[in-house]
Amino acid sequence: MDTNQIKAIIAKRVAMEFKDGNLVNLGIGLPTLVANYIPEGVEVTLQSENGFIGMGPAPEAGKEDPDLVNAGAQYVTVNPGAAFFDSSISFSIIRGGHLDFTVLGALQVDEKGNLANWMIPGKKVPGMGGAMDLVTGAKKVIVAMTHTAKGSIKIMKECNLPLTAKGQVDLIVTEMGVMEVTPKGLLLKEKNPQFTLEEIQKQTEARLIVAEDIKDMEI
Amino acid sequence: MDTNQIKAIIAKRVAMEFKDGNLVNLGIGLPTLVANYIPEGVEVTLQSENGFIGMGPAPEAGKEDPDLVNAGAQYVTVNPGAAFFDSSISFSIIRGGHLDFTVLGALQVDEKGNLANWMIPGKKVPGMGGAMDLVTGAKKVIVAMTHTAKGSIKIMKECNLPLTAKGQVDLIVTEMGVMEVTPKGLLLKEKNPQFTLEEIQKQTEARLIVAEDIKDMEI
Amino acid sequence: MNKLKTIQEALDMIKPGMTIMVGGFLGVGSPELLIDGLIQRGIGELTLIANDTSFPDVNYGKLVQNKLVKKVYTSHIGTNPESGFQMHSGEMEVILTPQGTLVEQIRAAGAGLGGVLTPTGIGTVVEENKQKIEVDGKFYIVEKPLKADVALLRGAKVDQKGNVYYNLAARNFNPLMAMAADLVIVEADEIVEVGQINANDVMTPHIFVDVVVKGDR
Amino acid sequence: MNKLKTIQEALDMIKPGMTIMVGGFLGVGSPELLIDGLIQRGIGELTLIANDTSFPDVNYGKLVQNKLVKKVYTSHIGTNPESGFQMHSGEMEVILTPQGTLVEQIRAAGAGLGGVLTPTGIGTVVEENKQKIEVDGKFYIVEKPLKADVALLRGAKVDQKGNVYYNLAARNFNPLMAMAADLVIVEADEIVEVGQINANDVMTPHIFVDVVVKGDR
């Protein structure tokens, strides 16, 4: 699979989690693609943590408004019924449990639902931005990422990078499968039929519990 | 002196404290009258704690707006440049030290700057409303009241009613004089020439320190 | 996602014993028809969170007058003699809180904060039995978040998605309460099409609002 | 009370070593002329409070690029490589704070609160060396208020009294910072007569604003 195929599989699968009327925050990078796969008939409101809900697609060339960007500083538009607010309201929405879903990438995630995605000590310290609040406050936290990073394992027994939040992740979606964080560990609920269980486990440090009713992932 | 004369003396004297550009909150009752005596050339912005600055006088009959009232539920108007906001901003202004003056009445006030004006145990418990925040947060707290309540003493060595705030009062203005709260006690800075020092002290439980340069109060 | 309901449909969602927040300041900025509906149906044993208990014959003051409130969190009861009477008789429990603290407690609940650190009330009876902490040599009371089952609000203009615009001094507690209740019902002076409220001027974003009813103004 | 000043008059009020807050999110909603003026004058040794350190060539990102910042409170430095470089070399101290905490710390300073009780950062390095308290069985970090000597903001419309109206996503931290600094300077895209901003739509009331300068948009 090429990178675009991988990303499409993941984004499409994440989008299937949303219900009509949900409020969702999509992180920068791969999670942003999820917006392209929201099923017909499901109305999802997107939040941009720099201060609005009702985010729409990128504007046509020449129609950019310098005051209307997403949290990655890219030009966007808003849909009818959008609302703008200051950063304190934006993070009241996030921390106060008003977001149905936050979708983010990860450097590491583990079987206890711990997430690390904001720094690599001594190497790269971009900062947490809004990620810690998003992961702490959203009703459901979905990690959307490639299963490994150029071969190195990201789904751990226990994260060894500094955490973004402790025990907050609910679901992990990769190109190999869909894993739910349960008190017993990671429950593999769906798998990409292109991979065997053994292949998936081999790319995963945490022991995967295979769901009795495991399904094929839609790819 | 009749009651109206007394109130006018107090209100007029309080108004002399304000400087151009000050933001002021006037309590219900006597303090409200202070607005009528603000000197020519001094622009004062009045805050209403139910959610705006720029409060103006009562409207003409027939021009009342049911959504535009002061904190005592009386119809008011606003001046050009007014701004409306929610209660959290209103109390951010109050608690955050953005008010230059708050002017309130008192049941009791004492030489340490303690104030009691929100309840009489077993008799009357109206509640503190915004008074505790106002007295805690304003840069300067002025108590504006008649010197005694039908003969009973209100300026105490120590308040015996439940406090509104501890040690926050800066100035006490009555029809008898102007008293500043200092670390040494109440400094009588101005007196109404209609009263002797002995007469004023007799109506005051706290010992008054007479300022060396004591002035006559303008009446 | 049709949020437009009748008053009766909205009232069906409110049960005796619930905790309700009502927007308004001495009744200004409060929903009229919803309160009258609660009284007509006699929905009682309520815990009320409101800035004050208004006047005996005005808005949520009537809930107290009709003995539908068993407990109230408020900053002021002085304008409603019935509140003082029921407090002294023990019929209604009254938790008096400084106004600026009350609004922050509601905000904290909506904002996912663990409480409020306020200097207001230090050295008074308000601090009794409460946790206090020292920050940089100054003491603050830890006041807990305050949330409700239902918030009953009034907006001047509400669009069909639920975005709200308030008018003048009728705004007060309404936008804060909109964030702090499981079910948020807004009584609208006027219901408008989506887009009629400028997105930049929305005061309560639609995601906080569950139900919109038409008021009679 | 004439608040209208020239850029140069406004810059005269900003001294080396001051703590400055700058509104904006990756430079969107930030004052341009004031920042360029700081750089021209070389006003350095600044402590900067801003959501991020923007990009090397955009707005307050240029303050870092020109080595005028000795310490920064921010949530994100990843878009400005110079920030990471100066952090690692020790030239600039970087206090990384979750974005929602940073905005509440600024708000707390403006609102006279003793700090913020947030669950964000519990179980991470963010909680290290900080006071934590338990409220109803859940732990929260006590984060201190954050204030500044000067706030440099950008408004879309500012009236001659200083009332501010912000535009779209350029609002962000601006209204919070307006309450949390001793001196508040707003760079206005447009300066309008009093009354041209509807009193109900004012986003920063004029009492928070000390100086208004005209931007070049």
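Per-chain numbering from 1; labels A, B, C and D assigned in written order.
Convention: a residue touches a chain if its C-beta (ideal position, glycine included) is under 8 Å from a C-beta of that chain, and two chains touch if they have at least 3 such contacts.
Please read all numbers here as calculations on a predicted model, not as lab measurements.
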Check: If you tally contacting C-beta pairs, which pair wins, B-D or B-C?
Finding: B-C
Notebook entry, point to check: Per the centroid of Cα atoms for each chain, what is the distance between chain B and chain D, given in Å?
Noted result: 35
Checklist line | Centroid spacing, where centroids are CA-atom means, of chain A and chain B in whole angstrom | finding: 55
Notebook entry, point to check: Any idea how many Å lie between the Cα centroids of chain B and chain C?
Noted result: 29
Checklist line | Intercentroid distance (Cα basis), chain D paired with chain C, Å | finding: 32
Note to self: If I count partner chains per residue in chain B, which residues reach a count of at least 2?
What the structure shows: 52, 84-85, 88, 91, 94-95, 136-137
Check: Which residues belonging to chain C are in contact with no fewer than two other chains?
Finding: 104, 107, 111-113, 118-119, 166-168, 199-200
Item checked: Touching pairs among all chains present in the structure -> A-C, A-D, B-C, B-D, C-D
Margin query: Which stretch or stretches of chain C touch chain A in the complex?
Written below: 1, 107, 109-113, 159, 161, 163, 179, 194-195, 199-200, 202, 205-208
Notebook entry, point to check: What residues of chain B sit close enough to touch chain D in their complex?
Noted result: 20-21, 23, 43, 45, 52-54, 78, 80-85, 88-89, 91-98, 136-137
Check: In the complex formed with chain A, which residues of chain D make contact?
Finding: 25-29, 51-52, 55, 74-79, 84, 87, 94, 96, 98-101, 103-104, 107, 118-126, 156, 167-176, 203
Note to self: Please output the residues of chain D touching chain C within their complex, sorted ascending.
What the structure shows: 104, 108, 111-119, 131, 133, 135-136, 138, 140, 142, 144, 166-168, 199-201
Notebook entry, point to check: Taking the complex as given, what residues does chain A use to touch chain D?
Noted result: 48-52, 65-69, 71-73, 84-88, 90-91, 94-95, 124-133, 136-137, 162-167
